[in-house]
Structure formats: C-alpha cells, structure tokens
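Each of the next two complexes has subunit A plus one more chain, namely subunit B in the first and subunit C in the second.
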Partner chain A sequence: MTAVMSKKVLGLAPMSNNKMIRSFISEKAQALILPMAGIFCFMLLWSFTASSIDTSLGKFPGPSAVATQVVNLIDEHNAERDKEDAFYIRQDARNKLRMAKDPSYQPKVRIYTGKETFLDQIFTSLVTVISGFLVAAVIAIPLGIAIGLSKTLNTAINPIIQIFKPVSPLAWLPIVTMVVSALYVSPDPMFAKSFITSLITVTLCSLWPMVINTSFGVASMNQDWVNVSKVLSLPKHVHIQKIVLPASIPAIFTGMRMSLGIAWMVLIAAEMLAQNPGLGKFVWDEFQNGSSQSLSRIMTAVLTIGLIGYLLDRTMLQLQRILSWDKSSAQL
Partner chain B sequence: MLKTTLKNECKKLCRTVIAGLCIYGALLTSSLQAAELGYPEKEELKFGFIKLTDMAPIAIAYEKGFFEDEGLYVTIESQANWKVLLDGVIDGRLDGAHMLAGQPIAATIGYGTKAEIITPFSMDLNGNAITVSNEIWKQMKVNIPKQADGRPVHPIKADALKPVVEKYLDEGKPFNMGMVFPVSTHNYELRYWLAAGDIHPGFYAPHKGDTSGKIDAQVLLSVTPPPQMPATMEAGTIYGYCVGEPWNQQAVFKGIGVPVVTDYEIWKNNPEKVFGITKVFAEKYPNTTIRLTRALIRAAKWLDDNNNANRPEAVKILSQSNYVGADYDVIANSMTGTFEYEKGDVRSVPDFNVFFRYNATYPYYSDAIWYLTQMRRWGQISDDKPDSWYKDIAAKVYRPDIYMAAAQSLIDDKLMSKSDFSDLVGEDGFRAPQKHFIDNIVYDGTQPNAYINKFKIGLKAGDKL
Partner chain C sequence: MSIILDISKVDMVFPTPKGDFTALKGVDLQIKKGEFISLIGHSGCGKSTVLNIVACLHRATLGGVLLHNKEVTEPGPERAVVFQNHSLLPWLTAYQNIELAVKQVFKNKMSPAEMKEWIEHNLRLVHMDHAKDKRPDEISGGMKQRIGIARALAMKPEVLLMDEPFGALDALTRAHMQDSLMEIQQKLNNTVIMITHDVDEAVLLSDRIVMMTNGPAATIGEILDVNLPHPRNRLALAEDVEYNRLRSAVLTFLYEKQRKVETIPISEATKTTAKTQTKQNTSSVA
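== the complex of A and B ==
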C-alpha cells in the first residue's frame, strides 16, 4: 500500500480513477476492519479466560461484568448528584433559619460533603495530570532550550539530569508528602494538600523526558538554519522564536508525549499509594472492600485508565499537528 | 492552743465554703452553657475511619443527618491503615477519627507518636474475632470437645491451639499470626486469648529499642491492616489473625478460614473503638466538640434502637463502597445478632456489636486503665507505675465531662430522654469489678497493679526486661 501511495505522490505511475477509488475504499476498510477484528478476538479470549479463573472474590470479570459495572457506576453518579442537590437545599434552609435568629450572620455555602463517584474520580485524575504536566512543561521547555543552546550549561547540568532521571517519582512521594505538609500551610488553602502532592509527583516524572528531548532537538538543529540566523544577525529572542522553536517542535512534542504517558501511569500509582483522590484511590478502595463487585469495578477502572491514556496521547498528537510546520513529523 | 485549733477550723470551713461556691458556680455556668449551646466554631470537618463495621456511628450520623442537625458539615474519608489515620489527626489533616481505644492512650503516654489525644465518646463494645486458616483449624479441631450435635463446644480456648503451635515450633517453623496495630484492642485480645491457653505471645522492650513484641514469643504477631487480613492469610504469610468485622466473616465467605472465638467470649462487653480528637481541638472548638459528640450519641442510639431494628438499614449503608464496602450478606452476618463460625455453624450472638446498650458510649476511666494494664503486662510500658499514675493518664485521655455535657444538652433539647442515660447519674467513671473473662480473672479498674499480678504469663509489679 505504501508503495502505491508513494508512487501516486511522486506521480510516477498515474492510476485510473477507478483504481484509485477502489484502493481508497479498501484502505479505509482495512483501517476499520482490522482493529475491529483485533478487538473482537481480544474480547473472545478475555471472556473465555475470565470464566476459567476463580478467585476468592468470585469469577474473574469478563466483558459483560464490566458492562454491568459501567451502568452501575453511572447510576451511582446520578444518584449522588441528586443527593448533592438535596444537600444544598437543606443547607440553604439551615442558613435561612440561622439568619432569622441572628441577622448579623453571614450565610456561607459549604461544598457538598458526599462521596466522590467514579466519574468525579476520573475528573480529579485528569485535572491533576494536566496541571502537573503543564507545570513540568513550563519548567522543562525553557530549561531544555537553554541546555540545547549552551554546551557549557549542558555539561554542567547533565550529570544531575542523568542521576535524577531514573528515579521513580514514587520514591519521591514520601518526601514530597512531608514537605508539602510542612510548607503548604494556610488557614484557607486554595488547593487541597493531596492535590499538590499528586501534582508535584506528576511534575517530577514529566520533567526529565521533556528536558532531555527538548535539549536534544535544539542541539541537533539543522546547522544551515543556525547559519542563516547568524548571517541575518538575529537578536537572541528572535533567533529562539523564529529558528530554534520551530526547528525543535517535533523533538519537544516527542518528549511531551512520552512525559504525559509516564505521568498518567505514575499518577495512578501515586494515588493508590498516597490515598489521594483520583482513579488510583478508586482502584485501591475497591480492592480493600473485597465485595463481590470489586473485581469487575477494578477491571472497569483499568480499561478506563487505558482509554484515557490513549485519548491523552491522541490529543497531544493533534496539538503537534496544529503547531508543527512539518506535518509529516506528527505521525503515530 | 484552742485558739489555733479554732483558727484552723475556721480556715477549713472557709475553704470548704469557697470550694463549694466555686463548684456551684462552675455547675451553674456549665448548666447555663448547656442550656444554650452555641453554634459550632468550626463547621467543616473531616473525619477518618478504617473500613470496619464499628465505624457505623460515624456513617449513621452522616447519613441520618445528625451531623447536619448540629450545623456540622462533615466529610468522611477512609484511611489506609491505623498509623496513617493517627498521623492525620495529629497533623490536622483530619479533625477526628474512629480510633482503636489504645491509640489515644498510647499517644498520650508517648508510646509511638507522642501527642495529646482525647476521647469524649466510646464507639462500641465487642465486634472482633480471632480467625485461623483452614489448615490450622483442621489440626486444632481434634483437640476441641464436641457438643451432643457434633459442633464444637464454645468458647474455644487457646488450649486447643497449643499442641499445633508446639508441633510447628518442633519442626522449626515460626507460627505467625496477624493483628492490626501494636496498641490495638486486637493485639491485647489475641495476646490475652493465647496467654490464657498457656501460649506465650512475646514481650515488648521499648527501652531497649525492641518494639516488635517478639521477646520469648511462641507465636509471632505482626501488623497487617484490617482489610488486607484475609488476603494475607490466603497468601500463607500468617496462619490466623484477630480483627474486627467484616474481615472474619469475609474469611468464612471466601472459604479460606474459620473464626474460632469472638472477643465477646474473651471478655464479655469489652470496650473497643473510640472517637479521638486532639486536646487542642477540644479546647479551641468546645461547641464543635460537644456537638459532634451529640451527633455520635444519637447515631449510636439509632443503631441499637428497638432491639437492633435499624440494623438491616445500617448494614445497607455500610455496604456502600465509600464506607465498609463489603457485600451486604457479609456485613449482615455479624451486625444482625448472629455470627458464623465454621461454614454453616451460625450461632446467635445478640451482643456481638453493641453501640449504645450497657452505656457503650460512655468513656469509662476503667476501660482506659485496662488498656494500660495490658501495655504494662506485655512490656510496652517498661517500668512499674503506681496505681495513681494509671488513674491520672485515664483522666487525661477519657473525657466523660464532655460526654455528660453532650448528654445533658440532648436531654435539654428533648432529642433524647433522661432514661437513656439513667445509669450514668453520679457515675464515677469506674465500672464495678468485671468478671466475664475467658480465664475467669476478675478485673477491678481501681487496682491496676494488683490486677497485673494475677496473670501467669506477663510482666508483674517489679519486673523489667
């Protein structure tokens, strides 16, 4: 197929219209049918093996058990929202009563105290991973550019990066937790401590791939472009803006995509370990509950985590396509 | 001579009158306060718990709106283990928590993390059991006398386990069992049961830096968080454990072990969990403290009302994934007045979980002292202490004054009646000497040192490791 495509592109062997349409259809069909077949086989294999594994919590959940749980979890979410509405109505009534007794009282609306549903947990995890990732990007990209441009800086910082890069952020977690508890003290904090802890953990693990890839991209820039910039004697900031950034976008995005993938994996583990709100906590809580539904709920969470990880990656790719001048670099 | 005596008498009289006036004044102000209990100083609270059925008063106070009635907006959050929970309360991440009775006591005397934690509310009586794996049960069962119907005679004593432990030791295999925390009720109950059957569970020697509790031990006890108990036993790391519900019934349902004895049989109506807050919290937010105690008392009463009529509803609430989360049937097995031992051997234990009857919620000094005696018995308290020390510590941690203020204001607000607290009028905080222990030793809270000396296994007055 690629051979045909390249020929077409190069215009070496002009095809008849008919042939082109046929090849287009078969290409589309393949892109659709093959994955479908793969998923179907996987489902078959999954439900077959699931039914033959017996755990002390009952049978291993198959596709149908997971489907049931998806419905359950959404129902639970809706039920919780109803409870939330009732909570606010009760609170409002209580505030009014107190105001009637004590006119100087300033009514205050407190946020809902009920449990976080599965959908809430997904949202929490997503917000955490994206914020941690953005913080990392803000630090890593300028740092990477600086390192890539200056050999001196590179030699100075490289050993530190090499030492910290292989450290699992989970090893940092206890230290981060203690430091956050000690330093992040305010009577009315804007963010929860658990959120800050998770965010820093995500930042720590997203940092290194981005720094390394960015500096690599900058350092391996096409020398001709650098020379052009020199000839035009562009000021430093214009040089970075017009030459360095566009040239290293593909490498930066490779680093970002890698980071985001790692960050998402690490976040789930960190949430499990630190009991911070999010999908990881959901999985751990269900494991602790040990009810007959626990395994299928965990399985649902596992698939959700995978799906979200995939979507995050695709989003980054789409972003790269939009930002990059060289569209061919943004391939899967 | 006469003059001086007279003078002295006069002074004494004066003092008595002044003291009397002071007490009267204090009573007056306190009753005034009780009459118009102010709004809570802190309205948004976060409470921690461990996934056990005895956290029920907190869940019920939330779900039935008792917290909201007090103007408290409470978030309830499950904790990974007892250590995380205690640290949360100490560092202020949590405002209060469902705690092991030993935790506030140990924190106050500085065993483990040192912190001043108090308890105005005792959460329940009983509710634990000791479970052994199927393999151990098979070997134990032959040593247990049978009833006419072929079922084992209860209570099962550790005497039946002793030959099994000896066999393992002869083969050079360590005999491991799990409990949930070094100062947990479960640790002391498991030790009590083992020692009553002449099996040595080991001493602690914190002054030598030994906090593993395995000195001279025949059975090695280690810490495992409650919800992980069944899985750890299934993996073969431990041969048995002592834990709260539903983790014993879980073992029956999963078919991986057999509960052999409940703590009701080890010590009838033993105090179990408490609600712990820091002393600073209670001083800074007095109204909040009384109000949360009120909510918890109402929840406990609801749980025991009309002869446990509300229990099925409570079980339904507890089986939600954000509370205990185990299956309804598993939780119901112990909460609704029955207990399943060996698969199919369901016996009636109406008082397996007591939340309000028998003054379950009142924080008795004598309960705190019992925990202290066990800490001394097993060496967690290295040195001899006078009886007065035991009483002082108990009075520091257990706060019946807050409880009674809450009870009085509930009566004043007509939310509960005087008869609900009728036994507590003039209560001095010491239960009458308690008899119903598995080894028939009588416990008198006013004589802690004499009590410690009664045990065959354990440190006695004057002993030091």
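== the complex of A and C ==
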C-alpha cells in the first residue's frame, strides 16, 4: 500500500516528496531504532560488568543467565501444573474406587497444596496491587472531591494528609498485620490474611497522591464552568456529576498514575518484609535459598517487576486517553 | 412598555486587606422589556460587576435587583449569561453543551423529542447546526461564542446578559457575530444587557447606551438613547448623520469627560480589580 502510494507520489513530484517520505521513514525509524540501540548498549554493558563481579553465590547474572532462568521458571510452572492435574486425577480415581466398593462413602476432596511458581507469584502480586489500588480509588476520589469543593474541609483535613503522606507504608505494616490478625477472624475466610495485609498496605500508600491530586483538580477548576453551573442552578449532585467530576478527570488520572507506580513499588517491599505471597516473597525466598541459580532468578524477578510496572503505567495512560477529554494531559 | 428589570441603587464594596474598596456607588437603571442595553466604560470601572450582580454571581452590598418587581437572590437560567470566554464545557459536544442547559431548565416541561427539536432550533439560529457534534476545541473562537449564545438563548431567558461576548474575537469575526446577533434580536426581541468596549458595537446594536464613570465608586455617567431604525446595516450607517452623532457622543464621554487619568490612588484601586480580572483570565486559560 505505502509502496504503491509512494511510487505514485514520486512520479508527480520526485524531489520534494522523496524528501518528505524519507523524513517520515526516518522519524518512524528513530522512534524504533534509538530505544533498540539503547537497550543493546545496556545489554553489552550489563554482560560486561556482570562477568567481572564475583559473589559468594557465583558470578553476577548476565543477560544470558536471565534468559535461561525465564525458560526454567516457565518450565517449572508447567511441571507444577502437570503435577496438580495428576493429583486431582489420582484423587478422583481413588474416590470413585471407594464409592464403588461402599456406596455410603462420602468422598473427600482435598485441594492441591503445591508450591507457588514464579508465574503464580506474579499473578498474586498483580491481583493484590490492583485490588488495593481500586479500594484506594473508591475512598480517595470522593474524599478528594469533597476536600476540593469545601475550603473548610480542606483546612481541617490538610494537616492530617500532610503528616500521613510522607510515612512509608512499610512502617504501617506491623500495625496493619496485627490489626488484621485481631479483627479479621472468620472460620472460612474469603481472602487470606496475607492478602488483606498487603492490600491495606497498598491502599494506604495509593490514597494520598489520589486525594491530593483530585482535590487540587477540583479546587483549581475553571471558575467559568462553576458560573455556568450556578446560572443553570444545577442541583449539587448534578453539579458534581456533570461539571466537577469531568473537569477534574485529568488531575484524577495524574494522581492515579502516581499512586499505581508507588503502590507497585511498595507492594514488592511489603511482600518481602511480611513474607506475603507475591513477587517480593519470591525474591526473598530465592535470596534465602542461596543456590547457584538464585541470583539469576532474582535478576529475572527484578526485570519482571520493572516490566510489569511499565505495563501498569501504560494501561493507566491508555485508560486516560480513552476516558479523559483533555488529550494534551494524557502524555507520557 | 413595562419595566422588566430594575437595578435599584446598587453599591458594591469589596473588602481588601488595605480596607474596603468601593467598586460601585448608586448604580440605578430600569430596563424595559425587549430593550437592548449596552454597558460601556473603561476597563476596571465595574461593568462586569454590574452584570454579575444582575446574574447574582455577586451580591450587591447595598440595593438590589428586581426582576418583574421581585428581588433576585440567586443565579438562575431566567438571567442567562454569555461569558466572555465562551465557557463551554470542553468534554461535551456543542449539542451536549446546550442539552445540559435545556435538560435542566425544561426538565418536566418538554418531552425528549421536543428538547431535541429545541436544541437543534437554537443551533440553527446561530448557524451552527453543521457543527453540533464538534467539541469546543475543534471549532474556532467565533463558533464557540455562537454555541455559547445558543446555550443562553436555549434557556429562554427573561434577560440575556452578555459579558463582552465578542471581546476575544478578531475584528472580522466580531462584525459577523454582531450581524448574527442583530438578526437573532430581530426574531426574538429579547431583553439584553451587553457589556462592551467597542463604541461601534454599542451604537450598532443598542436601544440605549449606558456609559459608566471611572472607578472607584463608579456609577452611571450618561445614558444615550439610540433611535436608529431596525434592521440596521453597518455599511449604510457609516454615512448616517445620526449614527455618527451618537458615536462621537460616546467617544466624547469616554475620552474627554471620563478620560482615564493614571494618578497614584486610582492606579492602586484599579490594581485590586485588575488582580481579580487576571485571576479569572488565568483560570479560564487553565
């Protein structure tokens, strides 16, 4: 298609269009080639440096060691899944046999308790970060709107926000753990306690950037739009729904993207510290394990954490592009 | 004709850190139904404040505003405002911007089909029916202001308040908009208060021109009746004796009787109003 077009165009005005096409191609190419070149240089530097660092667990893992581990970790995951399937097949067969012998027998179904693989841990961390983030959003956005709309509320709450904002959620972790253990007691819990603890930690750190940005967005709303709403005598709930919320969407998204980035970083640390299932626990377990493969597996986890963080941010950006009217604020 | 709107002995005092600042003093004006009033004066003289008091976006310190002999205490669609910076909601299309107003004002009085017809009627009135699904950032400044006017007209206001509606437009677009406004006024015969800086605009559009003295404590200086027959044509009027007499009367008032003298106390006083004005401007830019 482009080839046909460019031929046609070339036929009409060879010189200028040729230049235009060239500059178009070079623009596209630059956007592709430059990052590739950057990554390539990084890889070179990495593998060169890696080979010259010796640790008690062997050489520092280079790119090839990480690549091997990616394959290993996926293989291990598949092997674990095969084991699980085999377990259930065995259990089924056993139960059927008992039932055939003794019709009154109540079959026992036990859940497979294999060790969590790398991919399982990724999934756990992702579910935790997204749930914690959503809980934070549900609290922070209405609170931010309320603070943004009311100077009184803002003056009253601002000192509390300013004091709690700089607290690392990890400092909260022991308290959260104890409170969850004390309050979340049920014989058949819907969620694991570790999940609740991680979730609350994520929520605590996601809350503040969202509250602050939302209230800022609401408070700095264009006064003309407020006047339009006044002239129309919009009732309070319509005013919030039709004017305030859309007007502050760009600021809300800025806060959400900041929050999600922080949440992801904090979650990994919290999982390491509290030994809650997730990528952080994977890293810590490998560190404690101390095999010759440990460092390369940790390195794989590090890169995975980075990649997922990047993808989470990209997802938010894409969401912002779809939902926000202000396309100029939805930049990188 | 009956008096529809009575601006009765209005004083406006803004408290500032340096003490009270009297922006308006004894502004008194009665407006008849179907009258087109222009409010003209130097910047900072409190024209916008008068308009905001009529709209109830500000409350007068003394005196008040009566609509049909009833005091108005809060903003309402029967006193629709066309803002200087169009103030369309950028996340809504032209149609939706008007729809928001129509849905609010005629909630239980129109069926959905009637509302749609009414919105489209108002878009046609300002010649913007072709751009009904465009968002404000996709259309030009003049088009945005047309939508802003359509939105105000769609509220079927008793009094239409226009705050320098064409101030942000280039001269040619402004002339087009003035012609459109005259055409609409010919059809609807609304009661209008329009703030303007533009002497030609005031003479061309108005039935009366209200000229304000310089602040602080600004008030109505002179009122000029414009008895030119409708419809008015800007080209024909350029040679008209009466038109030119009115025009020079306004110019004389502005540049001889109320020439802006920048002495120290006045400049300090205007600084406070200028500050509130720039605040509005920056917020609208953001």
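Assume the second predicted complex is superposed on the first by the 293 of 332 C-alpha atoms of A that agree within 3 Å, B and C clash if a C-alpha of one lies under 4 Å from a C-alpha of the other, contacts with A are read in each partner's own complex, and residues count from 1 in each chain.
Definition applied: contacts are C-beta pairs under 8 Å (C-beta built on N, C-alpha and C of every residue); 3 or more make two chains touch, one makes a residue touch a chain.
Since we're looking at a predicted model, the values are computed, not measured.
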item	value
When subunit B and subunit C are modelled together on subunit A, clash or fit	fit
Subunit B versus subunit C as contact partner of A:D285, first or second or both or neither	first
Which of subunit B and subunit C A:S220 touches, first, second, both or neither	second
Which superposed partner A:V228 touches (first subunit B, second subunit C, both, neither)	second
A:W325 touches, of subunit B and subunit C: first, second, both or neither?	second
Contacts of A:L119 with subunit B and subunit C, given as first, second, both or neither	neither
Touched partner set for A:I243, first subunit B, second subunit C, both or neither	second
Shortest CA-CA distance in Å separating subunit B from subunit C in the superposed model	52
Touching both subunit C and subunit B, counted on subunit A across the two superposed complexes	none
Interfacial residue positions of subunit C with respect to subunit A in the complex	55, 57, 74-77, 79-81, 83, 85, 87, 89-91, 100-101, 104-105, 135, 155, 280, 283-284, 286
Residues of subunit A defined as touching subunit B within the complex	56-57, 90-91, 94, 98, 108, 110, 113, 115, 181, 193, 275, 284-286, 288-292, 294, 297
Interfacial residue positions of subunit A with respect to subunit C in the complex	220, 222-225, 227-228, 230-234, 238, 242-243, 246-247, 249, 325-326
Residues on subunit B engaged by subunit A in the complex (per definition of touch)	39, 43-44, 51, 62, 65, 68, 71, 73-76, 78-80, 84, 91, 93, 227-228, 230-231, 234, 250, 254-256, 319-322, 324-327, 330
